[in-house]
Amino acid sequence: MRHLPILLTVVPLTGAFLVPVLGRRPDRAYRLALLSVLLVLACAAGLLAMTGSGQTLQYYVGDWPPPWGIEVRVDALGAMLATFFAFVYLMVVLYAGSSVRAELGPAAQFWYWSLLLLLLAGINGVLTARDLFNLFVFTEIASLSACAIISVRDRLDSMEAALKYLILSAVAGGCILLGVALLYMVTGQLHLDHLGAALPAAAGSYPRVLLAALALLVSGFALKSALFPLHVWLPDAHSSAPSPSSAILSGLVVKLGIVALVRLFFVVFDWRRLVTLPLPTMVMAMGALGIVLGALFAMGQRDLKRMLAYSTVVQVGYIYFGLALLDEIALTGALMHVVNHALLKSMLFLCVGLIISRTGERSTAAMAGLARSMPLTVASFTVGAAAMVGIPLTNGFVSKWYMVLGTLNSGRPAMVAVILVSSLLSALYYFPLVVSAYFGRPASPQAEGPEGPPAMVWPVVGLAAVCLVLGIWPELPLRLLGGVARVMLGL
Amino acid sequence: MGCLAFLVVCAVVVARTRDLLAATVVFAAYSLVMALVWQQLRAPDLAITEAAVGAGITSLLFLLAIGRTRRMEDED
Amino acid sequence: MGMPLALFVRLNYMAAITLFLIGLHVLLGHPNLIKKVMGMNIMETGVFLFLVSIGYARHSAAPIMSPGGAESGLYANPLVSAIVLTGIVIAVSTTAYTLSLTIKLYEHCGTLDVNRLERLRR
Amino acid sequence: MSSTFEIASCLPVVAVMLPLVGAAAAYLVGLRWGLLRNWLCCAVTAGSLALCLAMYPDIARGGVLVARAAVLLPLGISFRVDVLGFLLATVSAAIWFLATLYSLEYMRGEHGVNRYYAFLVLTLAGSLGTFLAGDLLTLFIFFELMSLPAAVLVIHEETQEAVRAALKYLFMTIGGSLFFFFSMVATYQFAGSVALGGRGLVGEASTLAFLTFMGFVVAFGIKAGMVPLHVWLPDAHPVAPSPASALLSGVMIKTGAYGMLRVMYEIFGLDLLRQTGWPSVLLGLSVATILLGSMVAVTQFDLKRRLAYSSVGQMGCILLGMSLMSERALTGDVFHFFADAVAKSCLFLCAGVIMKETGKRDIRQFGGIGHRLPITMACFAIAAFTLVGIPPFNGFISKLQLSLGAFDAGMPGYALALLASSMLNAVYYLPIVITAFFDRAAPAAANGAGRRRLAEAHPTMLAPIVVLALGCAVFALSSENWPLRLSETAARLLLRR
Amino acid sequence: MRQLGATALLVVAAAVLFATLAEAPPFGWQEAPTRNVITDRYLAPGAGETGVLNAVTRIIFDYRSYDTLGEATVLFVGVAAAVVVLSGRTGRFAVRLAGGSDDPVLQTVTRVVVPLVQVFAAYVITHGHLSPGGGFAGGTMLGASFVLYLFVFGADRARRKLRPETGEMVEGGAAVWYVLVGLGGVLMGASFLANAAAGFPRGVEGALLSGGAVWLIGLGIGVKVAATVANLFLHLTGED
């Protein structure tokens, strides 16, 4: 049981390395992927149970104590995110099991599972990393494998989108590494907590170097997590990828930049000193811009997947907005929204994947009158839309409640308008789809038969069910995240 | 000190030149001199690795890429 | 007058940052894909040069210990070399993947120019 | 009656859960057996009416029923039934039962019937929950649970016009709920709790408090059809099937006014309102609502659109009554809730019969239908007289109390507004009744039949109309005006706080 | 427009970075902040705690071997993605490089040089913990020798010598080997990737087999990098 923190990353790695060893057999690779994800979910659930009472699990890799060796630490936030991300991963792998044959090229059939497992390893690595350079390495693994699962689709637009994403993530990687170098130059430490301890002394003699390092790290991770002005790569990347991949990209990969910045903001840099810098207000402004302009773009889209991609830009802006408030309740709300959005957006992308695979059309008009032939999918889409808008009894409402309360608590009542506008804008581009699905006239004659293979439909329904359950009984995640927020803010 | 100047010149040449093959050759030279600089900065491991990987594999990759695409940068 | 002297003492850092900026400029500014990948490599080697320069100390020896284990002289910083080694391998794998994407895109649309690719896709 | 003590009871929880579960059951049953589903819906609505009535003994003794159901968020769902909540919940359950009975016949042969019944019962759960809610969060949740499914009722016909009206309704409702959300969170910020029934949670008179008040005004204004925010109402109500519009106009827009009432007297408190004078905003808006709603109604010739605009007018009276802040005005206001709910739903049900039997929507062609549909038109007349405020009916009592209340509050000018509302009501209701009964228009000759046979509606449609019409009259005539007595107690409770 | 934007970004970044450089610790300063308690332990005289003379290899394969595992994964991801993309359908503008020339001089020289390179590569891999070099450099050289063979004798003969399937299998196998050595530490009661703590024999200082797990991991990495490079170039040339 002591080794659970490291197993989170090692199990998917081993699974990924075993895929080519098993020979070029897609079905074997799929079963291996399923097994690995199940194991990861079990590990994550175990960790969540252990860190439930707020204590954190430290694991020294290679038995070398922190400043010398690398430490892997799992706190309540890491455990909870790992559990929900692993659950989403399980649903997506189940979904992809039957949807992948149509969309992928020949060689991709079995490499796809290896790349998915590598991405999961990268995600878990970032969630549990406690060493700055280790965080960078796992962010690179995640970014590279994220590009890979876009370009597995043997089509021109996927490859072009993957290339654009790859080049921008290389730029981000360069900036982050330079930031790490600057920090190491003035403090000599790489472990997050020791770095945090050494910073005040270094700030005395090298203030500008630290500012440059902070700027580079923030812009690098913001570029990787598509904060507003740096989001240009996201719509192409997430809309041209195969549906299971876009579900993971929008749901999980985008959150890695956010988790990394949360670690940096609250563990390394003393956030009370950050308040004096213009950084929080700048991030808040970019978040607000992301919310409004992203929503306007989303309304203009005719392609379902591009609309969902722009909606991701909005939600990332929303989360950054909550973080930048530097208020305990808003932080709880923002972290809760990281989980909510992971569940919601992956479910919505899988819904759209089902709709596309059944009607063959990607346009928003494809949803007209679909409720009769695809009842379960449209019902889940409705739950997703309701949660995005923040209707009560969905998990979206819970995080919206905490975000607005946090905004008021931090003494910025005017900022509440931004959050409310984001809910209204989400309604403006989600609800017409739901209404047209239930009450519209189907354009093309509906194909008969069930709405999709059960292995594709039930994961979608499962995700929707979890969103509702989180909406009705949110106290477990909230208690955990409340504790994490208090610890981070050092209250 | 001379090597650093050479490196910067190589980088500028790679940036300016139109002919990709020439750029690749200059890039190989750039990697070799970079390996030399690292050896001077007392990092022999990196010197060997940079020589093998930077000059070797990366330049080879560029050559193959140019082989399979086109040589001149500005298209008609 | 302190500025040029301060910079002269840190010549290596200046060179490294210059390489980083040239690489960044080529990566973002040039339309040709292969030129972009070269720019990416130059940018990353720039960062690596910066890192190695951090680890260097005047009159220090390479961090290889002699079996006798006697003297404890001044050695260059080994941690920096480890970091750069990892960085080099990351750079190579990114380059390999980007170049194969470039080759495939060229196969489908016959151009390496990013603007033309954009128009073709729409 | 002055002291109130809290009785823990599960009646409110069961009353709300029954229609919730009933709706799901009705939908599932409805997939196979239509008839069984119809009776199931009637049973469910009747059951919730019975549950509400079962609360009467405790309420009569002055008790307040309290129940904490599930724990949701830090605040949890809680119910708190006092006299006002009980009165409105019982009235809405009764009207829902009658509307369900009415739709058995009305919806025969229509499309999407299964969905209609399920959402009809679901909106009942929403409105009951709103009236019985014990804190703002529960009120917000059931407020949403009522307004969003109502969009499905509005869109029932699935015509292009219905879809547009429903979308407009949906977006305005969501906009309204955002304002409500902001104000609720701000209240939580001020007082650390959102429970109703207190003396007044928001103590200070800061600009944020005013913003919170205006947030509530906008949120409930949209639902209640206050003038600048009423634009969705004249489109949505006429498009919906008649029993649905009866419920929409009769009960659902009342939840908006009810919410405003609760917020004004239990969240902000009487003395804070008097000290800051914020209700004057509501006074101005309600007068505008009365005048504009009634005047536009006069110009409408489509029967349902005229009724919809009349609802806007009547809501203006209710909003006016609550912002006068005098005891008699409040009594009149609560009674007017009751009177308008009964009368307006009766009118809409009659309109349904008229359109179903004669197929005509334009008032000018209503000549002589009084002879063909004597009972319906008689009930229509009674309900119309109630709303106009002609003495023997409920309307007169509430208008009287409201005017006296205006005098008590020292603002006689507003009594004039009430008088104007009655006059305008007369202008657009009475002509309908007159042409229906006394106009020898030509339709009789058109179909050439000898003596026009009595083409009255199906008894299950007529019964609800008659009961509602009696509801308008019997209480005023009978010695023991039960709803009025309850209204007085409610008013005293609200002010005493 | 893109050119203008890039230049503007260049100027701003240059100004910021050069300003901060002036304030950085001087180059080659012997009391720089990075020379602290951490580097003192890394630079322990002799074979130190890990039985490895080369301080950099100590860090790569023992103190921070989790980083190296991550980095081997990055290489695996990069090449796997490249392989997937390259084996897609061929486009209209495809240019195939089968390689290979029947020039006898070239072939004989290659036949002589390739084994030599492989011997040197084997030396570099196995002596990673004693002298500069190590898994990565040696592995790359091993891969490069195969690529030389590939270019001279053509893709088809190279594929006969090393089929892509076996290349991938060796690559995956070596990576799993690395993880297994790590798990070995777990089986022996210490934590993942433990070396001395897990009881791997430190061996005689300076001897070929000293350094316990470090030597095994170096071997694994060498084979993995060689297989990966070979696999990449196999897919870059020849029919797929």
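For the reader, a short list of remarks on this structure follows.
Should a chain be cited, it is by its letter among A, B, C, D and E, assigned in written order, with residues numbered from 1 in that chain.
By our rule, a contact is a pair of C-beta atoms (placed from the backbone, for glycine too) under 8 Å apart; a residue touches a chain by one contact, two chains touch by 3 or more.
Only a predicted model underlies this, so the values are computations on that prediction, with no experimental measurement involved.
Under the touch definition stated at the top, chain D and chain E share these contacting partners: A. Placing every chain at the mean of its C-alpha atoms, the farthest one from chain C is found to be D. By number of C-beta pairs in contact, A-E leads over the other of B-C and A-E. Distance from the centre of chain B peaks at D, each centre being the average of the chain's Cα atoms.
Of all chains shown, the one whose average CA position lies nearest the global CA mean is A.
If you average the Cα atoms of chain C and of chain D, the two centres end up 71 Å apart.
Each chain gets one centre point, the mean of its Cα atoms, and the points for chain B and chain D are 79 Å apart.
Chain E has its Cα centroid 19 Å from the Cα centroid of chain B. Centre-to-centre, using mean CA coordinates, chain A is 29 Å away from chain C.
For chain C, the set of residues touching two or more other chains reads 11-12, 20, 23-25, 28, 53-56, 60, 62-64, 75, 79-81, 83, 85-86, 88-90, 92-94, 96-97, 99, 101-104, 106-109.
Annotation for chain A: residues touching 2 or more other chains are 133, 137, 140, 144, 147-148, 151, 159, 184-185. If you check each pair of chains against the touch rule, the ones that pass are A-C, A-D, A-E, B-C, B-E, C-E.
Every residue of chain E that touches chain C in the complex is listed here, in rising order: 2-3, 5-7, 9-10, 13-14, 17-18, 21-24, 26-30, 32, 34-35, 38-39, 42-48, 53-56, 58-60, 64, 67-68, 70-72, 74-75, 77-79, 81-83, 85-86, 88, 90-95, 131-132, 136, 205-206, 232, 235-236.
Across the complex, chain D meets chain A through its residues 70-74, 140-141, 144-145, 148, 152, 155, 158, 162-163, 166-167, 170-171, 174-175, 177-179, 181-182, 185-186, 188-189, 208, 211. Listing the residues of chain E that touch chain B in their complex gives 54, 56-57, 94-97, 124, 132-134, 136-137, 140-141, 143-144, 147, 229, 233, 236-237.
Across the interface of their complex, chain A is touched by residues 20, 23-24, 27-28, 33, 36, 40, 43-44, 47, 50-51, 54, 79-80, 83, 86-87, 90, 93-94, 97-98, 101-102, 104-105, 108-109, 117-118, 120-121 of chain C.
Residues of chain E that touch chain A in their complex: 16-17, 19-20, 23-25, 32-39, 41-42, 62-67, 69-71, 73-74, 76-78, 80-81, 83-85, 87-89, 165, 168-169, 171-173, 175-176, 179, 182-183, 185-186, 190-195, 197-198.
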